[in-house]
């Protein structure tokens, strides 16, 4: 049996939803929200970026069309909620999976935007939104400054990768190959940024 | 003259808009926002949940289609704003009406989602969003942790009730009866949760 | 060569995007966000109100249809980001352009809403949303109470002007003339409010 690119991305995204939800729950640990709060934080972290993208592009919201996303997300959230009572979970376990999810979400978001005819700038920005807006929504609910506005290249990795994806597609590279190359590029760039502490310049005044 | 289920729900929702707006204004009391701030807080508290639901389901936003919702909401907000200068208003007066509004909004939201073909999980979640997202938006504007993530069963009451509603509908109960039963169920569950301090488990680490 | 009203408004809005983006960057100065954070704050400040309006009215989001808005906005943001390192920028330079942008955005938003058949109340509120919601989104990201809920008439100027615009249109005044009159009215009312410290009453309890 051979899976198509679309199928591989579909199942990877389901898997990424579990991990992103789980990471979102850990990010909220200090607030000690109740189970419903945890489910909403996980929902925002895992599905918020794609939701915003679909709303802005006037597409059917992906989890409204296919509620499996909700099931996987909340499975990840509940598992984390209960596991945290028994074993010590570390946010560091999620660094690598999170970089992979960033690559996946960003490429999927860029594809979705190109699919409805968005131009290059809009499509790359939609990729970034898909990859990072969930974390911004999570931080808004947690009442803290968005982490993505301050740390090592995160949005930067996403944006470079979405532009790379578009460039490859414009050069008639096969969609599956382009997705793989751009996704791995984002993954490696994000991990390199963490490893060598690569950051964007911050706002500074004379 | 006999009112249809739809008419009863329509007028109840208008009435609920006044009360939710008024409660939203009191929730914001410590910020001493100006009259415009009060109107926006009331708008979010009373109409925010339904607005988010309609946006996610790609339905026409209900108050864009029928601006009476804005009129009733702002009537409630302005009345509260001016009354507060003359008499001592208590947030406790709103506990019972708020539980009734939760039942009403949740059932209306679940109905709306079923109406556009959402499946059971999505429809019940849309009911919850309709019932609680307004309060979350209010708390975001007030720059405080969402109350609904920490108190006595609120979203829990809404979610149980929306699932009950869907169950009743699937068993061919008449829509009006199902709405009444589910709405009263939410109302009573919420009041019981307050009376006996029923809360969800909170996030806790080993 | 004679420009049509639509063309004048189009180019004025592009120009206003630069200025609003720049002002948004200065509003965020104390946070010292990185370059990506600056771009998102500028995006919210300059384009957030119109984005919310288009989402609520189920129109195609304006910058998705025409990505020039993104280019002008981010040009303004980047220019401010780099200039701030060389020269001392003052928020006061933006008071007058900001009042002009408020007039422009509000009138454009009211027009857009009337164009899809919104009634008077909804259309005037959409004008206000277009004019002020960007600033509210910026304040949510900056984790601070919305400035527009406390200062001198801002939303008030916008709302009066959008109602004036609708009144003029209903009395068969030419669209271009109505836009100009209402825009200037908002501009002058906002500047007067600053000059004579005109504020709305704030919430106060007995």
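Chains: A, B and C, in written order; residue numbering restarts at 1 for each.
Going forward, a residue touches a chain if its C-beta (ideal position, glycine included) is under 8 Å from a C-beta of that chain, and two chains touch if they have at least 3 such contacts.
The chain lineup, named per UniProt: A, B, C = Trimeric intracellular cation channel family protein.
Remember, predicted model here, so these are calculated numbers, not experimental data.
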Practice problem: Once you've mapped the touching chain pairs, tell me: line, ring, star, complete or other? | Solution: complete
Practice problem: Could you label the subunit A-subunit B interface same or different, taking same to mean over half of its residue numbers are used by both chains? | Solution: different
Exercise. Starting from the mean Cα coordinates of subunit A and subunit B, work out the distance between those two points in Å.
Key: 30
Quiz item: When you check subunit C against every other chain, which residues touch at least two of them?
Solution: 55, 58, 140, 143
Self-check item: Sites on subunit C touched by subunit B in the complex
Solution: 55-58, 118-119, 121-122, 125, 136, 140, 143-146, 148-150, 154-156, 159, 199-206
Quiz item: Where on subunit B is subunit C touching in the complex?
Solution: 25, 28-29, 31-38, 40, 51, 55, 58, 60-61, 63-64, 67, 70-71, 81, 84-89, 140-143
